[in-house]
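Listed below are the structures to be examined.
In what comes next, chain A is part of two complexes: it sits with chain B in the first one and with chain C in the second one.
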Partner chain A sequence: MTHLSAPGKRPGAAVGPAGEERPGATATGGHRWFPAGRGELVERLFAVQSLFALLLVFVLAVVVSPRRDGEIIFLSTENLGNVVRAVSEIGIIAVGMTFVVLLGGIDLSVGAILGLSAVGTATLMVDSGFGIVAAVTVVLLIGALFGALQGYATARLGIQSFIVTLAGLQVARGLARIWSGGLGIPIAYGDGPQEAPAAFEILNGSINGVVPVPAVLFVGIGVAAIVVLRKTAFARHVYAIGGNEKAARLSGVPVLRVKVAVFAIAGLLAAVAGVIHAGQLNQGSPNDGAGYELDAIAAVVIGGTSLAGGTGSMGGTLAGALLLGILNNILALNNIDANVQLLIKGLVIVAAAGLQKLRRSIV
Partner chain B sequence: MSDQVTVAMSGITKRFGGVRALRGVHLTLRAGEVHALLGENGAGKSTLINILAGVVTDYDGEIVLGGEPVRFAGPAAAQAAGIATIHQELDLVPALSVAENLTLGREPRTRLRTLDRRAMARTARDWLAPLGVEIDPGRPVGSLRVGEQQLVEIAKALSLDARVLIMDEPTAALADAEVRRLMSTIRALRGRGVAVVYISHRLEEIEHIADRATVLRNGEVAGTLRPGPADRQRIITLMVGRPAQALFSAGSAGPPRPAGPEVLEVEDLAVRPRSARPGRCEPAGVSLTVRAGEIVGLAGLMGAGRTELLEALYGAGPPGRRSGRLLLAGRPYAPRGPRCALRAGVGFVPEDRRRAALVLEHAVGRSIVLAALRRFTTAGVVRSGRERDAVHQQITALAIKTSSAGAPVGSLSGGNQQKVVFARHLLTRPRLLLLDEPTRGVDVGAKAEIYRLLRRLADDGMAILLASSELPELTGVCDRILVLRHGRVVAQLPAGRCTGEEILTAAMGGAAAGGDER
Partner chain C sequence: MRTRPVLLALLCTGALVSSVACSVEKPSDGDAAAPNCGAGRDFLIGMSQANNAEPYRQVMNNDVQTAAAGVPGFTVVVADAAQDNSKQVADVENFLTQRVDLLIISPNEAKPLTAVVQKAYDRGVPVIVLDRKVEGEAYTAFIGGDNVAIGRAAGEFYAGTLLPDGGKVIEISGLPGSTPAAERAQGFREGIAGNPEIEIVASQPGDWLRDKGQSVADALLKTHPDAAAVYAHNDPMAEGAYLAAKAAGLHTTVKFTGIDALPVPSGGIKAVEQGRLAATFQYATGGREAVDLARRILVDCSTDVPRTTTLGTMQITSENAAETYARLGGVS
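Take a look at the complex of A and B:
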């Protein structure tokens, strides 16, 4: 029999008629004229939950935004650009994190990989005289390889990803400090030695002076990830492993390969964020990115992806990241203390998780 | 059994949204009676006991417990009133000992307020003894067999003064010896005046143990009777609401069919796992063949190595060394893993569909295509049109009852969930299908459909190896039956002409009547 109060995944569930007579079963069996089962409807409703939340926060921001000469500051192109620019690094990391969380894992190393990549970008261009393409390629490869190694460790050795990436966090941070000598490496632009190619400054610029370049990268990566998650067999495998690894294996899903790929993606995207970070701050500082992994996880959770793995969406994560960005922005515009911002962020996360729980109990 | 009524449920009606789950159900439970609750999946059994156990709280109708009308606010209230439920997923803490579990939350203390372990063990023994159970109270519950854990749970319920004990498919995961022990425990409960609600799909058991049986159909009481062997047809008729055509008619071994070519040849297969796992019985020199168009049954007691054999053939067992010779369609076959087995044309429907096959939150369609995804994928992208066609074709072919291909698997009944697993493997077009207890927890109607399906697949030339602990299933559906014991084939019996007793005798190690003992 079913615990109606707490259905959902019960790993210890035995076979048998347990749960067979769930009300949903009767509904779908007996009433085929329903356009969709109740569970499906609820799922669909919750799938856009984070979008609604985003809309709500947006409207709220418009209402409470301070005005200048009757103009709503929040809605000014400059401010909106700032919002997306500020969100882009965490957002790109959160895209990778979504894959990992869908897989049923977690990646704590992404913030440190960002730091390592920022240092790498700066050092390679400033000290080693690499061109932009060469430097960025090397940095992205390092990030992907780092992630892949972590994925291999979790999949092959069966160590929980929490632990593997906790270790990875230390290692990446250590490498970043060793590589940089412990200090931030400033990036000066120009053609001379100890100078980075001026074109790298594009990361600080905007297209037509309106759309910040990092924002374009973030949106591009986000859209690509949505497509990947919707259309590819790889994504199906990710969902299957996150939902039930044993079942996935028995259905012929190449579990090891998928896990390695997912962590490699997370590492790669963290490195992308690191390159952007270096570009935006004009330096590579080994201590940067600390705590970014937690903000990324927050975005994923607000986006409705279950930390247990197997359910969730990329669109939700993007909405979650934007929501956090708008929240920070509007609080800053109203001169609200940064520490209060933290409190509010915490409450939003709890509210999102509460909604998740509600979904579980309805479906 | 006395005439004293412990519980009287009357006029129980429950709707879930627009769907009526129960209508005007009456159920009386007398002190000291074992009352079987029967019905196909979706008939309303679970809803009814959920109401009695306080899990479902908004319903119409009345429950009278010991002469007083009651309305439970929740499961805790029902428990406090003496209604205990033994769930299929047991509610014990695996890491704690039997004694610790039995005294959980009310541990005996010494004068220093520390745990009084001796008193704990004594109390535990006192509660276990009347049930005729001999389990060391110091053993961790996780090390007990499922059957023993169940007995601990029953003892726990009694220690909490349960007057009503609800047992949901208690024997689904038990070996025969454990079933017998459970039966004697239930008899002991009867002597103590406990009313037992017994839900099971196994009619033999119910004939054996139940004083009365209530059959539910479509949320209404179809009839209440005293079950006996003579009533089996009547019970099935009440459950399905139509005259019971023989369950196995479609599957039964009719005239011997011409045997096809050998699809699977196994010679002296043995597996030595890298690390020993308790409770597993790996193949220890198995030889067998399965021909195209043939359904071969694998019989054996719990722990005889049926599951382990199927897993070895699918490459799904624990890592280890495999010896012996495997031929698939005449070619050497060395399954390195499920992926490899699938490519070679082998499908496997595991025993525990929830733990090993399905994700209840995932959509039916996506669950169906998972194993055959390669066929619908171009350059890594799933071609949704072709996928949709294949899904709909499978849903129609197997008559999977679902509101849509997008509905979560968890919204389906057990039988239909099982069909989803079947569909997944049929989509890969296997030449050999390995089935482990394919009808466990599946209602009578869906069982018959699955049997017909198996026969149809075999007729189309598939080779099927079916492990089952249900003897009628083996004798009724299979062409040949192999009996396993300690990881070896100990007898081979022609299904059409052997009885359940013969199979059991061989499985338990007696002289196999009519079998060619190896």
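Take a look at the complex of A and C:
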């Protein structure tokens, strides 16, 4: 299943320091702006495929949006606010998932970690009387630690990440159910003994009454992740391990440390999403987040990151998450039957993966 | 360095977020104004359903749609949350964006949906809550069965008729966090209090689903092979438990009861008729009543509809199963 072509084996393209293909780069390290030939043009197009697709879906949404009194419902403040808010949790999880997938792994436990962290946030604030900062810190630490343990298991013990995180999914779900006693923990706000600090309610609100707070967090985390993935040595190591782990290890990349860190990031971000989730629903329920990992993987795949590892970008994932959010929204606004919606979303994911395959065979 | 695609990505995200902040919107009228109503008009009704995968909810949807087809001008759109609270919140918000004239909702869980239902209610959209409750008072009307009474009726059936000499009972409960589950459990315990020989030895959630009920019953029947009966909170879970017992060879010694009694070929009444369930208790969907209330609010402009409508129940055993099925309009 490992992709056979190592990066940089295409004529006309050179390998950048982060291991991605760079169309237009000459072998001597210069950069040509104009594509020199069909192969490179296609490569360029595919490089921004996810953004292109996002713009396409956005335009499509505007075109097919129902209208009321001449106003395009899709573009209304309220609706766009709903779209970005609905996308935020999956988007944040997808950011963490991108790191894992770039490594050549997969993390199936993120949905369960979301549930665990939602329960933790609710329980600590309501039952144990923690303040917001203390509760959130503990919960984030739990998420990061859980992820780190999974990373260690897959790196040191050599168990495939699919299996480790599948087990992690069950463990996290079980822990969430035990911690909460199986029921959702309602969050009431106030100063009383069984109440959470009112400031936590900000997660359910919006800035200026317009931009939802979770969306701001999503964009902030996304931008930070883009920067990390482009600038840091850590990111280069991630791409290297994903591209060819043996070669990376032999070149001195600290594979164990990087893997543990990557899974810890995924767990941490899933915990962040869980805190937001509890704030949005005023409840920490152990059953929440079921299936979210699949939506996150879909966003990563649509964003152009290969499940085999080694190539991909964070910007692509953000575009993929937004694309899925817009798709969900226009299907709902146009009252497409729920079952047909599932069909369409599945086809979109297959199409995205197919395009990726096409890219490799054309260029 | 490929900065251009990254910049494009940032631009796109920024464009999306700033278009949220700056989009021009015509001032919408009648957001929290007097409800629009009257005869001879078209109305859009949004129905937010908790989980289409449950047969009970499928029948509820059908009841609503069939009843709405009989009211000229009514269009009903059904959204399925698939047991995900976040999805159901998003469904209701999409309905609000579409400016539905009335919202019918059967919430997945009470607490997470309370805020968004209140939002709809505060906007002047009439809200009819079906079957499961939300917290607080921010809704127009609630239609549902009395789950405590149903549980109690079941308990009394066990105490007096099914296990008059006592015995061990396994309980398979509904989704924790949904009000019917808590109420059916509570009522049952009240009902069996009259017979101290009856003991609930185990209680596990089957989440209202047949497959979950089956796997849970598998485990519980292994732990308690001497159980006399299984009290399931709905018919699909009872049927699942029956299948589990059949696999263990216990289906002739253990008795099963459910709740719902849907008049459909795969429903509880048929199961009683065919001998798999000892009894089931009717839990009407309230779909027809909801549309009737909607008609009164939207077409007749009535402002005082009953706040709470409690649907009655009845006990179905092998004696009245066939006749009840026909009477409720079941197709053979």
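Keep this in mind: the second predicted complex is superposed on the first by the 319 of 363 C-alpha atoms of A that agree within 3 Å, B and C clash if a C-alpha of one lies under 4 Å from a C-alpha of the other, contacts with A are read in each partner's own complex, and residues count from 1 in each chain.
Going forward, a residue touches a chain if its C-beta (ideal position, glycine included) is under 8 Å from a C-beta of that chain, and two chains touch if they have at least 3 such contacts.
Please read all numbers here as calculations on a predicted model, not as lab measurements.
K.L.:
Regarding the shared-chain residue A:I226, is it in contact with chain B (first), chain C (second), both, or neither?
P.N.:
second
K.L.:
Go through the superposed model and pick first if A:N329 touches only chain B, second if only chain C, both, or neither.
P.N.:
Touch partner of A:N329: chain C, not chain B.
K.L.:
Taking the superposition on A as described, I'd like to know which of chain B and chain C A:G284 touches: first, second, both or neither.
P.N.:
In the superposition, A:G284 contacts neither chain B nor chain C.
K.L.:
Is A:E89 touching the first partner chain B, the second partner chain C, both, or neither of them?
P.N.:
It touches chain C, and chain B stays clear.
K.L.:
After the superposition on A, what does A:G252 contact: first (chain B), second (chain C), both or neither?
P.N.:
first
K.L.:
Counting only touches as set out at the top, which of chain B and chain C does A:G182 meet: first, second, both, neither?
P.N.:
Only chain C is touched by A:G182; chain B is not.
K.L.:
In the superposed view, which residues of chain A touch chain B and also chain C?
P.N.:
16, 20, 22.
K.L.:
Going by the contact rule set out above, which residues of chain C touch chain A in the complex?
P.N.:
Within the complex, chain C touches chain A at residues 1-2, 4-6, 8-10, 12-13, 16-17, 19-21, 23, 25-26, 52, 77-80, 82-86, 89-91, 93-94, 96-99, 109, 111-112, 114-115, 175-177, 205.
K.L.:
Within their complex, state which residues of chain A touch chain C.
P.N.:
16, 20, 22, 47-48, 51, 54-55, 58, 66, 68-71, 73, 75-82, 84, 86, 89, 182-184, 186, 204, 208, 210-211, 215, 219, 222-223, 226, 230, 277, 280-283, 285, 287-288, 290-291, 313, 315-316, 318-319, 322, 328-329, 332-333, 335, 338
K.L.:
If you look only at chain B, which of its residues touch chain A in the complex?
P.N.:
16-19, 21, 41-47, 49-50, 53, 55-56, 85, 87-89, 146, 166, 168-169, 172-173, 199, 201, 314, 316, 337-339, 342-343, 348, 350-363, 366, 369-371, 373-374, 377, 380-382, 384, 401-404, 406-408, 410-417, 424, 428, 437, 440-441, 443
K.L.:
In their shared complex, at which residues does chain A touch chain B?
P.N.:
Going through chain A, the ones touching chain B are 1-5, 7-32, 34-40, 43, 231-234, 236-237, 239-240, 243-244, 246-254, 310-311, 363.
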